[in-house]
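First subunit A sits with subunit B, and in the next complex the same chain sits with subunit C.
Right after this comes the complex of A and B.
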C-alpha cells in the first residue's frame, strides 16, 4: 500500500511540475507581444502620460521575471489580475467605481461553474451509453449491428462539433420544438430547467465523445476474448452475455477507464466550439470572446485553467489505470 | 406530454414484437436452429432494425408528399437518405470499376476492399479534383459580389431561386456554389500544407532524437511533453491571439498554418521517435554508420523508407485533426481570414439561415452544406485509414 501511495505522490508531483512549466510557456507566449499592453488599450492617439499611468497601474514597468512571479503568486491565491476590456483604471479615470467587474477571477468563476455543469451532464449521459453500446458491439461482433455502429461512430467522431450541433438544432429545436436552441442559463433557474437548457449542447458533446469511448470499450473486450480463461468460461457453457459482462469486462476496465478520462479531457476542447454555437455562458465562450478583442489577462487565465483541468484529468487517467491493474499495484 | 406516452407505447410494442417475431419464426420454420437458439435481445434487435427501416421509408415518402408543410418537415431526412443511397451506389460502381481497370496490383487491392473504403477513396479523389481545378469548375469567382443577395438554393424561380445560382447567394450576394468549390481549394489545401509541414518538422526531429539519443532526445522529448500538456485548440487560440498583434488578413492565415503545424508536429514527433527507436537498433543502420554515412543520409535514406507504413496511416488521421482544428478556428472567426472562401467561416456566416427550416428548408440547407462538406471529407479519410489499419494489423476477430 505504501508503494502505491508513493507512485501516486510521484505522479502528482510530476503533474505540478508540468503545470508550472506550462504556466511559464503561456506567460512567455503572451509576453512575446510587440509594444505594450498600455499602448494596445489606449490606441494610437494616447498621450505619453496616460500610457505611463496605465503601465504603472498594471505593473508593466517591471521586468518580465518579476511580473511572472507576481502573476503566479496571484493565480495561486485566486487573483488572476484585471481584465482589459472592463478595466476602469482608477488613477487614469480619477475614480474607482465598479471595480468588481474588472477582475478576471470575478468574470471566470460563474462561467467555470456553468462549464463544469455542462461537462457533468455530458458525462452522465455519455459514459453509461458508451459502455453499454461497446459491450453490445463486442457481444454481436461482425454482425449488422456491429457494422452499423462502427460506421455511425466513425462518422460522428470525424464530423466537426458544429455540424452535429446544427443537425441537432435543426431536428430538436427548429423542426420539432422539444428543446431550446439557445442555452441561456442563469442562477435563478431550478435544477430541472437548467438541465433542459443544457441538454442540447450536452447531447452534441455526447455524440462526439461517446463514439470514441464505445470503440475503445469494444476493442478492449475483443482483445481479451482470445485469452484462455475466456475459452474456459465458454466451455463451461456460460451464455455469451455472461462471459463478456462477468469475465471479460472487469479485466478490460483499465483501458476503458483510461479512455473515459482522456475523453473527459477532450471535452475541454470540444466545449469551446459547442458553447459558442449554443450561446452557453461558459468559460469557453469567454475565452473565444477574449481572443477576439485580445483581452490578454483573460486569455492567459482561461488558458491556464484549461491546461490545469487537462493535466488533472490525464493524471487521473494515469492513477486510475494503476489502481485498476493489480500487476502495477504490486510491482515486483 | 403525449410525445413521451407515444415513445413508451412504441417501445412496449417493439418489445412485444421481438417476442412475437421469435415465436412465429419457431413455429413457421419448425424450430430451425436460427430461431431456436435466438436470444431475446437479438430478436428485439431485428424488430428494432425493421422498425427503423420502415420509418425511414415512410419519412422518405412524406418528404416527397405534395403537402408543403409535411414535405418541409422531412426535407432534410429525405435528402440525407437520397445522398446516402447515391453515395453507396456510386462507391459500389467505383469499386467495380477499380476491379476491372488498372494494374494487377490495384485490381487486387480493390477486390479485397470493403465498400466504406472505396467510398472514402472516391470522395478523396473528388475533393482533390475540385481543389486542384477549382478555378475552372466554379461558375463564379470566390470574391465576386452580385446584385441579388439571399437567393434561395435550389434554382426554383417560384421559391425565390435563380437557375444561374444553383445553391443561391449569401447575405452580401456571393455565389454559394462557387464559394463551396473554392472552399475545397482553400480549406483542404491549407490543411494539407499544414499537415505536410507538421510531418516534416515532427518527423525529422523525431528521427533525429531516435538516431542521436542522449541529451538531444531528452531535451526534445521533455519540450514536447510540456507542449502536449496544453490542449491543442486552446493553445492555438492563445498563439493566434498573440500573432494577431503582428499580422492581419493573409498574414494571419499564414501564421495560423505555422502555429498549428508546430502544435501538431509534437504528436508526429512522438510517433516518429517511437517508430525510429525500433529501427535504429537494426543491423543495416549499424552498417550505414560504419560506412561513415552522414546524419541526413541515415534519417532520410535509411530510417524514413522503413517507417512509411505507420507514418502514412498517421498522416491520414493527423490531416483529419488539422482539418477539423482549422475549420473550428475559422468557425470561431480566428482561422482562415476573408476574403478567402472557407467552409468553417461559411458555416458561421450562414448559420442564422437555419431558423428558416420550418417554412423554407432550402434556405436552411446552405450552412449545412458547408458543414457537411467538412464532415464528408473527414469521414472519407477516416474510412480509408480504418481499412488500412485493419489490413496491416491482420485482425480477424
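Right after this comes the complex of A and C.
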C-alpha cells in the first residue's frame, strides 16, 4: 500500500511540473497570436490613444516575461487574477460592476460546474453502454450484431461532433420535438429538468466516446479468451456469458479503465464544439470567447483546468489498474 | 387588409416601414399577457447594467429596451417622442434647452424620478476615468440647471438642433441619483420591466411593472426572457424548435429554410447600417477628384447587393445617410456602373490606366473580400486595375483601417445626420476614415447643426449628401438590411423600427402574444 502512496505523490509532483510547462506554452502561444486584447475589444474604435490607455490599465504595456511572472506569482497563491474583459470594464465605467464576476475564479466556477454536470451525465450513459456493448460484441464476435455495433460506433466516432449534434437536433428536436435543441441550464431548475436540458449534448458526446471504450473492451476480452484458464472454464461447462463476465472481464479491467479515464478527460476538455452548438454555458464556450479576445488570464485558467483534468484522470487510471491487478498490488 | 411587398417598398425607397416578407396581414390588435422568449446575439460575460458600456444588441434590448428609460426615444416610424421627458423647448439659437420631466414616475425600488436623477445620470458620462461612448454628447453640455423638481435646463457650448435626439442614445440611461452603484449592480430603472434575474452573457428575465407611466399602450408581455445565443445555427434551431419566440440576425444562407416553415415569419427592414470603401482623400491617387469619380462609376452596386447581401439590402449612393434618417435624400440620381463615364474621368485625370490597392477582410463585413473581387472585375472593363489585398481579420481595425489608402469598412449608422457626419466626415475627427476636409461641406455641417427650421435643415443636409455623392471619398455600395424572425405566437405592429435590430431593440414594449 505504501508503494501506491509513493506513486501517487510522485505523479502529483510530476503533474505540477507539467502544469507549469503547460502554462508557459499557453502564455507564449496566446502572445504569438496577432492582435492583443486592447485591439480586439476596441475593434473599429481602436484609436492609438484608446489602445494605449487600455494597455496601461491592464498592464499590457509591460513585457511578456514580466507579465508571466506576475501571473505566476498570483497563481501559486491561488489567485488566478482578473479577467481582462472585466478589469477593462471596471476601468471603463469608473466603477466595478458589482456582479462579483471580476475574478477569473468567480467567472469560471459556475461554468466549470455546468461542464462537470454534462460530463457526469454523459459518463453515466456512455460508460455502461460502451462496456455492455463491448462484452456483448465479444460474446457474439463476428456475428451480425458484432459487425453492426462496430460499424455504427466507428462511423459515429469518425463523424465531426457538430455533424452528429445537428443530426440529433434534426431527428430529436426539429422533426420530433422530444428534446430541446438549446441546452439552457440555470440554477432555478430541478435536477430532472437539468438532465433533460443536458440530454442532447450528452447523447452527442456519448456517440463520440462510445466507440473507443467499446472496442477496447471487446479487444481486451477477446485477447483473454485464448488463454488456458478460460479454456478450463469452458471445459468445466460454464455458460459463455459467465465465462466472459466472471472470468475474462476482471482480468481485462486494466486496459478498459485506462481508456475510460482518457475518455472522461475528453468529456471535460473536448466539449468546446458541442457546447457552442447547443448554447450550453460551460467552460468550453468561455474558453472560445476568451481566446477570441485574447483574454489571457481566463485562457490560462481554462487550460490549466483541462491539463489538470488529464493529469488527475490518468493518475486515477494508473492507480485503478494497479489496484485491479493482484500481481501489481502485491509486488514481490 | 393591407399588404405590402418587400420589393415594392425597397424600390420606392420609402423603406422606413415594415417589410412583411411573408405577406402577413398587417392589422392586428395587441393583447396583454404571456412570456416573450427571445434568443439574441451580442451578449458577453462582461455585460452589466452600466449603460456607458453597452454596444451590442443583448444589453441594448435589455437595458434601454425594457428595464431602463432615456429622456427621449425614437418611435418605430423614426419620429422623436418623449420617454421620461414630457416636453422640451429650445431658444432660437438652439443653445439652451429646457426639458419638462414626466411627473409621478418611480424607479423599480420605489424612489421618485426627478431633475436630480437626470443631472446625476448625465454626469456619469463625464466622470473622471469613465470612458463612456456617449461622452462627446454629454461633454457638449456646459451647464445643467435644476429649475424645479421636474424641469431641467441644459446650456450647450454650441447650438445643436438635434440635442433631444441625442438624448435618446441607448447609452444615456436614467439612474436613481445617489443609488447609481446599486442600480448598476441590480438593474434598477424606470422601464416597463423590472429585473428578476440577470446572468451576464447568459440570460435576463424581467417582469412587467404593475402600474407604469406608459400605461397599457406598451409592454404587453407579463414577463420577458432574453437568452444569449451567439451562435447563428443554435439561434435558428431554437426558433424552429419553439424554445424561443424571436431571434435576431438571420443568416442569409439559411433564410430560405425559415421562410419555408409555416410557423415562423421573417421581418426585414432597411436601416442605416452600411458597408463602405473609404479612400484616404489626402493621399495620391485619391486626392484627385477625377480618380475618385472614375472609381465611383467603376463599381456595380446592384451586383454587390444581389451577390453579397443576396438581395437583403439596398444600393448606396456614397452617402452614409440611410432610410432611417429624417433627411434621407432617397431621390438623388443613383450612381450606376458606367464604364464610359469611368473612362472619361480617367482621361480628365490624365490617366490611361489606374493601378490601386484595395485592402479587404471579412472583419470589415461578411463578404468584404468577395465584394472587393467583384469590384475588381467590373472596374477592369473601365481600365482600372484594382489589386485586392486580403488582410488578416485580427488587428484589421488597428493596422488597416485609417492607415491603408483604400480599404473596406462598415458603419451601423446614426439616428441623426449631424451625428453621422460629425463622427466620420467632420474635418479632423479621429474616425474620419476618408480624411474628408471639404470647406463647403464643413460650413453646411455647422450651419445645419444649429438650424431649428426643419425645411432649411433638409435643404442643407441634401446639399451635403449631394457633395458626398459626386465628390466624396467613400464608396458606399450598399445598405444592409436588418433581418430577424419571430414565430406565429408573436404579434407585431405594422411599423417595425429600422434604427436597430429587433424593432429598435424595443420588442418587449411593442410586440405581444397572439
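One rule holds in what follows: the second predicted complex is superposed on the first by the 270 of 332 C-alpha atoms of A that agree within 3 Å, B and C clash if a C-alpha of one lies under 4 Å from a C-alpha of the other, contacts with A are read in each partner's own complex, and residues count from 1 in each chain.
In this section, a contact is a pair of C-beta atoms (placed from the backbone, for glycine too) under 8 Å apart; a residue touches a chain by one contact, two chains touch by 3 or more.
All of these numbers come straight from a predicted model, not from anything done at the bench.
In the superposed model, B is the one of subunit B and subunit C that contacts more residues of subunit A. In the superposed model, A:180 lies in contact with subunit C only, and not with subunit B. In the superposed pair of complexes, A:169 makes contact with subunit B and with subunit C alike.
In the superposed model, A:22 lies in contact with subunit B only, and not with subunit C. By the touch criterion defined above, A:276 lies against subunit B and subunit C together after alignment on the C-alpha atoms of chain A. Using the contact criterion defined above for the overlaid structures, shared-chain residue A:233 touches neither subunit B nor subunit C, since it reaches no partner. By the touch criterion stated above, A:51 is placed in contact with subunit C alone, subunit B being left untouched.
Of the two partner chains placed by the overlay, neither subunit B nor subunit C lies in contact with A:211. In the superposition on chain A, A:261 makes contact with neither subunit B nor subunit C. On subunit A, the patch touched by subunit B and the patch touched by subunit C overlap at residues 33-35, 40, 166, 169, 174, 181, 276-277. If you check the complex, the residues on subunit A that touch subunit B are 18-19, 21-22, 25-26, 29-30, 32-35, 40, 140-142, 144-145, 151, 154-155, 157-163, 166-167, 169-171, 174-175, 178, 181, 222, 225-226, 239, 241, 265, 268-269, 272-273, 276-277, 287-288, 291-292, 294, 296, 299-300, 302-303, 306-307, 310-311, 314. Residues of subunit A touching subunit C in their complex: 33-35, 39-40, 42-47, 50-51, 53, 83, 85-86, 88-89, 91-95, 97-99, 101, 107, 166, 169, 173-174, 177, 180-182, 184, 186, 188, 276-279, 281, 286, 289. Taken in their complex, subunit C has these residues touching subunit A: 39, 44-46, 48, 50, 52-53, 124, 127-131, 181-182, 184-186, 197, 199-203, 227-229, 231, 233-234, 237-238, 240-244, 392, 394-395, 397-398, 401, 409-410, 430-431.
Of all the residues in subunit B, the ones that touch subunit A in their complex are 3, 39, 41-42, 45, 49, 73, 76, 116, 225-227, 229-235, 237-242, 244-246, 320, 324, 327-328, 331-334, 344, 347, 351, 354-355, 357-358, 364, 367-368, 371-372, 374-375, 378-379, 381-383, 386, 397.
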